[in-house]
Amino acid sequence: MKSDRYKRGWEKLKEIDGHAGERVIEALKDIAPDLARYIIEFPFGDVYSRGILSLKEREIATVAALAALGNAQPQLKVHIHGALNVGCTRQEVVEIMIQMAVYAGFPAALNGMFAAKEVFVERDKEGQSN
Amino acid sequence: MKSDRYKRGWEKLKEIDGHAGERVIEALKDIAPDLARYIIEFPFGDVYSRGILSLKEREIATVAALAALGNAQPQLKVHIHGALNVGCTRQEVVEIMIQMAVYAGFPAALNGMFAAKEVFVERDKEGQSN
Amino acid sequence: MKSDRYKRGWEKLKEIDGHAGERVIEALKDIAPDLARYIIEFPFGDVYSRGILSLKEREIATVAALAALGNAQPQLKVHIHGALNVGCTRQEVVEIMIQMAVYAGFPAALNGMFAAKEVFVERDKEGQSN
Amino acid sequence: MKSDRYKRGWEKLKEIDGHAGERVIEALKDIAPDLARYIIEFPFGDVYSRGILSLKEREIATVAALAALGNAQPQLKVHIHGALNVGCTRQEVVEIMIQMAVYAGFPAALNGMFAAKEVFVERDKEGQSN
Amino acid sequence: MKSDRYKRGWEKLKEIDGHAGERVIEALKDIAPDLARYIIEFPFGDVYSRGILSLKEREIATVAALAALGNAQPQLKVHIHGALNVGCTRQEVVEIMIQMAVYAGFPAALNGMFAAKEVFVERDKEGQSN
Amino acid sequence: MKSDRYKRGWEKLKEIDGHAGERVIEALKDIAPDLARYIIEFPFGDVYSRGILSLKEREIATVAALAALGNAQPQLKVHIHGALNVGCTRQEVVEIMIQMAVYAGFPAALNGMFAAKEVFVERDKEGQSN
């Protein structure tokens, strides 16, 4: 039986990350189903459901952090999708990367920008408007 | 003669970081005045003046990135002040740190939270309302 | 009412980190009680309680990771205590740091070693045998 | 003439990393043979030969550190092989990655898990039992 | 109208990074032309034009830093080209990577070395003498 | 009996890092004398003794890398001393930090600069001319 945290988290994950998030969960099923469950329960069931910050503000924080760390490009791409899904414009995503040039250096900003470019191309192919 | 970028950046730095920002610039004067000038011109004169993202959104991105990197506590504290100066509530700063537990781990979230706690104490002492 | 995850986590936290862990939770109470609760529920209630790896092996992994990252000295010290509490010898902790010289460089190994030295001094003062 | 450190290191490298380790040394031969020699002499001839920690415990530390750092996927994969070669089970490797979600964040855990998945597939193809 | 910083930066970028640098600027044109302009103006127009350190010394610093960070391989490759373009020999680049084994660990040194190997192959194909 | 690597390394360590280096070795004596020996043998006996890059160029690489990583301030300070001991001017050290603003962000540059400032004060007190 799924816990309330799980149900709430699964809805939140679909709302924010859409298919990209579901694919991550799917890819974990055979090797580490418990990690898949934790991802749904803790980040999405507990943290993203807290309110106080809007989902858009939470995704700005996440995209900034992942671009600054620079060692998690697949997750950065998932969360650029997420940011766009919850109300960021493409131009706002571009601005986050420019902001990171100041705090994490130009290579971090460039690699974040090229990740954004890939995401924008993917969304154009899928016919998404932003 | 100061460039327009410098003048615009100096006003922006005072608006965002307040005295904490001015102290950083002051501390650089004897050892690296050009780095002080670059900080005013590029991050503040160029980047923070771009619009598109609000100053509050830019500070959410910055606080998240510095908490995730975890190797720049003095700058993290300056930007927690900055976030509060441009419209974040203390509770929103706390939420950014909780969000970072997911993306950079619990130690990063804890160290960010304790930096926030120090900043809140400083602001209480100065009689600031948020 | 505390969840089962909370109760299980609180027992596990006391078993592993002892007073050092309780002090972290205490320090969060006024600023971010929910983060304190998450730390008890997720790392300790969920992860440390999983079995498969022994607590000693989990602490070897944690001490190695924190020494390699090099940006979370307070948590590194808590987990050096933790490693010693669940069965590592001091000499084994020293070996983890030497191992990190290979994978994260000599500065990471040195800073990890000096953190260990501080922990050993604290434990000598408290009259602990290892 | 090879030093004792070199001979001891070469045996240790073959014991731990197997063909994956030999391929790294081979790839360095034309560009930096001295770095290849240092790798054999220092990490393997000096450090892995120290005892006190078992080889399994050393690989737990190494896999944890590389997963947490998140910027050395080829070496992470070599050492997941290494861990399995010296006595870790696949399930134990999976647990190390789950543990890293706590200390380095979910993206680090995910990227470590997917590296493990690739290694497991490689070993299945080679008909290895663990 | 281009600023003096832009003109000076553009010449400097071509001198140091050559076609590799121009390609980065080109790739930014459609998504973030302002970031392209900032790269020309600040790193190249302001910083690389400062003197005091030679361009060779600046590239030694840059290659070392990017190899140590280990999360910006495309930029590391651009700057290995840059180092060779402003007077480093291939053997000197190899030595920078060996030096990084000490300060950032063997995985960072290895990944830096393999980036150098790729750059050397590219330059051999283009018929460049160093 | 000390190996040739040890003797060569000890001389090199004294030449480069001076008293600051000797103090690090001394501090390891009671807790991890083997790590002290490895530091003398591998970084100093093997790597710094290789030639090809001058000691000044090796210290430029090291100071840049440690400033960029930003998580090893004590070692950064030791190597700023080292850089000055083997021929860098203070102004050149300042330039390395400015260069790091581009590749690791302004916080890294600032923290590197303030480390340099502390070193310069220490050297003024000791009456050193650079």
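We just call them A, B, C, D, E and F in the order they show up, numbering each chain from 1.
What we mean here is this: contacts are C-beta pairs under 8 Å (C-beta built on N, C-alpha and C of every residue); 3 or more make two chains touch, one makes a residue touch a chain.
This is a predicted model, so every value here is computed, not measured.
Looking at chain B and chain E, the chains in contact with each of them are A, C, D, F. Each chain's centre was taken as the mean of its CA atoms, and the one lying most distant from chain A is F. Where chain A touches chain D, the two copies mostly use different residue numbers: shared numbers make up under half of all numbers in play.
Our note on geometry: chain E versus chain F, Cα centroid distance of 24 Å, whole angstroms. Note on chain placement: the centre of chain A and the centre of chain C lie 29 Å apart, centres being C-alpha means.
We define each chain's centre as the mean of its Cα atoms; on that basis chain B and chain F are separated by 30 Å. Multi-chain contact residues of chain F (touching two or more other chains): 34, 38, 42-43, 50, 66, 68-71, 75, 98, 101-104, 106-108. Put simply, chain D touches chain E in their complex at residues 24, 27-28, 31-32, 34-35, 38-39, 43, 66, 69-72, 74-75. Residues of chain A touching chain B in their complex: 42-43, 47, 50, 52-53, 57-58, 60-69, 75, 91-92, 95-96, 98-104. Residues 101-108 of chain B touch chain D in their complex. Those residues of chain C whose C-beta lies close enough to touch chain A in the complex are 34, 38, 42, 46, 50.
Within the complex formed with chain B, the residues of chain F that make contact are 69-71, 94, 97-98, 101, 106-111, 113-114, 116-117, 120.
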